[in-house]
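Letters A, B and C mark the chains in the order given here, with residues in each chain numbered from 1 onward.
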Amino acid sequence: MSKKTYTRYGISFVTLIALICLLCLWNINSGSVYLSVQEIGTILFAGRGEDIACHIVWDIRLPRILAAVILGGALSVSGFLLQTFFANPIAGPFVLGISSGAKLVVALTMVVLLGQGIAISSVLLILAASAGAMISMGFVLLISSRVKQMSMLIICGVMIGYICSAVTDFIITFADDANIVNLHNWSMGSFSGIAWDSIRVMAVVVFMTLLMVFLLAKPISAYQLGEVYAQNMGVNIRRFRVALILLSSILSACVTAFAGPISFVGIAVPHLMKSLFKTAKPILMIPGCFLGGAVFCLFCDLIARTVFAPRELSISSVTAVFGAPIVICMMIRNRRSIS
Amino acid sequence: MNNDYIYTENMTVGYGKTPLIKEIEIHVKRGEIVTLIGPNGAGKSTILKSIIRQLDLLAGTVYLEGGPMSMMSEQQIAKRMSVLMTERIHPELMTCEDVVGTGRYPYTGRLGILRKEDHKKVQEALELVQAGELASQDFMTVSDGQKQRILLARAICQEPEAIVLDEPTSFLDIRHKLELLTILKNLVREKKVAVLMSLHELDLAQKLSDYIICVKQNAIERCGTPEEIFKSSYIADLYGITKGSYQAELGCLEMVAVKGRPKVFVIGGNGSGIPVYRRLQRQGIPFAAGILHENDIDYPVAKALAVEVVSEAPFELIREETYERAAALLKTCGQVICCLSEFGTLNEKNRLLSRLRTEPVQG
Amino acid sequence: MMKRKRFLIFLITGMLMTAAGGCSVDQKTAGDSLPEEWTDLTLEHSMKLLYANQFSIDYYTGGFTMIKINDGGCYLVVPEHETVPQSLPSDVTVIRQPLQNIYLVATSAMDLFRSLDSVDQITLSGTDASGWYMEEAKQALAQGKMFYAGKYNAPDYELILSKSCDLAIESTMIYHSPEVKEQLETLGVPVLVERSSYENHPLGRMEWLKLYAVLLGKEELAETCFNQQMDRLEAVMNQKPTGKTVAFFYISSNGYVNVRKSGDYVAKMIELAGGTYVPQNLDENANALSTMNLQLEAFYAAARDADYLIYNSTIDGELNSLNELLEKNGLLADFKAVKEGHVWCTEKNLFQETMGLGRMILDIHEILTVEEPDSSDVTYLHQLLWE
């Protein structure tokens, strides 16, 4: 590898980290309440306190920033894994039907429990979403062991999506409008109101999974040449498939459970990173996508909560507004290079 | 069996549960090239895919270096056997050097990072296939032939003791065909690599292989050395050739002979007749050829294309009867073409023939 | 695979950790006197409630008042200079007086605050200016005395904190977004979920006035207001039923007819006004909702011969004429009430003016007894006529 490529990688990483720091600073300085940079600095160093500004910084802004970083990164890495695995440029973290399964169980929970007047805690909703996501994943894993061509799995994922939507609609017919109005809100995704406990759990889950994904970097890059050559180079295809589906599903499930399904980040960011780094090597792409996803989500969350304050835009609409043009550009570029 | 590098014992292959070919026994020794030939759909690719474990075996065992492959770990197999298949690959944003570099994976550490010696081996492999200057180009931007060479370099880089190739020369022009197969031959000779491949180019298979296996209609019909297999009649039968013919001696194909009463008599020999025979065939004119010695180079082509050939035994002077026969035939033809400008002792009679009708050489 | 097993264990442990992460009860103990033990305090007397059954108010020694809301939690109101008692049960939320900056999401409570002359104490609202019908609320928002704090499921926490909010009054919709309630409590804002919509007597709804009065320390004013309303209704409530049947409904966007259940407060209001609510005996669907969807034919069967129809405009807009009603569904032309011209429509502000429920009962009585009532006599209803 030439010095030029090494320089490119170095600069890209440095840029990404700088952007994250910049956006974190920007995010922590924005909000309905004006706090000067000095004040924020003192609060951060002094630790938790009782006054309002402390609460604002520590309990409202900081957890939100961390959630955007962790979950945005998780989404992008999941998207990268699935795009490589299926060799499909528009595969995303929810292509295997993870979010549909989660939405189904959340709808069930809301309708059944709230319909009976039983109050639900946010933890219950998180667990419900995780359970739904895991069920979808289990289904996909089952099918993957019986199917030769992996492209069939995308069809399987789409079908799971349809089935879950149909069942969800079925459940909704038995519910009153009031009980499911929030289901729509849930399915748009939001970083609002995430508590420190959630941050701890998602940090553990996401970083452990990322570590394992990083250790899979070698088989993933073998897989970039196709299954035949990957197998010949020593990759156990069956185990690799299971590992990949499992890890990417856990990342997507984590995001869905804590913040709802957030669209476009997982599809757009890997492409952005590939054009930035001009390579698709997993060793670089895995950390690169994580950082890129964090930057993207921090930016979109900033816009979602400040542009029309006190109203909050749903994060999915902002990511779609920024993410869809990227996907379109990428498709056009691909078409041009093919012809 | 002991010194077989690849040995398939009683192997049954197929897709899913239906067996396609049963009881296959293939031996490939180190330093040997074994080629599978046969018509499309016969099952050559199926056999190769089963050996490299892309397809599951329905029965039987494949032995690699004496031990059964099913007991070996993926890495052990990777260090011993590399492949080059027909499927096109679509790596994203990988340079040619990166693609070749993937061949080093069985030897690199946990994260697959190439060390200095790995890079050296990559360079060597690239030099070997004469693709050094392509190293930093994006793989998807090079031509099919170049891609094939890069993939071969990748296979070489893996430092295998056996290489399995599925129609490696399909997309290549003749120069690159020769180059690729030369490289293979050198590998076999120098590093004593065992090569198992399938080829459509019969002429090359004939010249290159140490052993040929013929696959037809879901069975191994015959195996043997090229000398045993490459007989025109058998090849025609193997491939079910109905239109045209295959000349085993020369290793070339000829088109369908034009039938009918010969209108032209071609006096040929020493290779001069071949272009004329082919031109007449192209123009659809039935012709007769003579007098050709049976060891003349024109003889096989004449046999394939002419309505009638007057021939003489090899190394013999042309006898009187043969001459009479030729003269008679010549008189029935409307036209005579003499391709020879000089005549030697052995075919002096052809000079006489040519004087029967003095026509300038056409052609 | 070992890696996978290890990882799954981690995942499950991680998820259990969140479940353990509990909620915090804010215990501000600043005060002038020494803290007392909760168990030392004794119950002095309980508030007498005439119609409400979803809450209870208990007065304890030391000036502490305990508000218990059915299925909704316990709230201890601590007077201004008192210290919060120790050893309170963990499910009790402490509300300190005086309440200066209330975040009000439950719009139906605004009218009660207006009657208690306490709109000024509401600083944050979950509805913006266009969503309010009450003049006082609109004015306060316009003058910058009240602020819009975002939708109930995604409030602007920073704004809420910066205004030193001391109480959030939410409706039961908050149960769909449990994380918002939890976040508010973490930030130190007590959350009271009002359940007046679960009262099945309309006067019970109005009696929630007394609950808010306890929070604001204006119990006497509440008593007076409430008794005033009661006096006005006395005459109507003691009359014999008119025997007229009334249906109260609206047509939802997917073609269903949404009616009140037989035990609902609107049905009660109609009964109190002297009418009979149809459809009757609709309690088979025993869930927590007060309304249910009927197929058109079921409604047709039940209400075609009803004497009066009242259309509920609060969900999808007011109707101005019978033609508009028939546009919703042409089959209604068959109904007796339509043929006789006894169709009325509610005004949009009905459900926000909780104190006006008494007035509403009088309105219904008016339309049931007077053939062509004067429009000034009827406040919350207007008649639907042909264009």
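As a convention for this text, contacts are C-beta pairs under 8 Å (C-beta built on N, C-alpha and C of every residue); 3 or more make two chains touch, one makes a residue touch a chain.
Keep in mind the model is a prediction, meaning the values are calculated, not measured.
Q: Chain contact graph: line, ring, star, complete or other?
A: It is a line, because the chains touch in a row without closing up.
Q: So which has more C-beta pairs touching, A-C or A-B?
A: By number of C-beta pairs in contact, A-C is the larger.
Q: If you average the Cα atoms of chain B and of chain C to get two centres, how far apart are those centres in Å?
A: The computed centroid separation for chain B versus chain C comes out at 88 Å.
Q: I'd like the Å distance between the centres of chain A and chain B, where a centre is the mean of that chain's Cα atoms.
A: 53
Q: Roughly how many whole angstrom separate the Cα centroids of chain A and chain C?
A: 38
Q: Name, in rising order, each residue of chain C that touches chain A in their complex.
A: 1, 3-4, 7, 10-11, 14-15, 17-19, 21, 71, 147-151, 153-159, 161-162, 164, 173, 175-180, 182-183, 186-188, 252, 287-289, 291-293
Q: Spell out the part of chain B that touches chain A in their complex, as residue ranges.
A: 52-54, 74-75, 77-78, 81-83, 85, 87, 89-94, 97-99, 102-103, 105-106, 108, 110-113, 136, 140, 154, 158
Q: Which chain A residues qualify as touching chain B in the complex?
A: Where chain A meets chain B, its residues are 1-2, 87, 214-215, 217-218, 221-222, 224-229, 231-236, 274, 278-281, 283, 337.
Q: Give every residue of chain A touching chain C within the complex, in rising order.
A: 31-33, 52, 55-56, 59-61, 110, 114-117, 119-127, 130, 176-179, 181-182, 185, 190, 192-195, 197-198, 200-201, 204-205, 208-209, 212, 239, 243, 246, 250, 309-312
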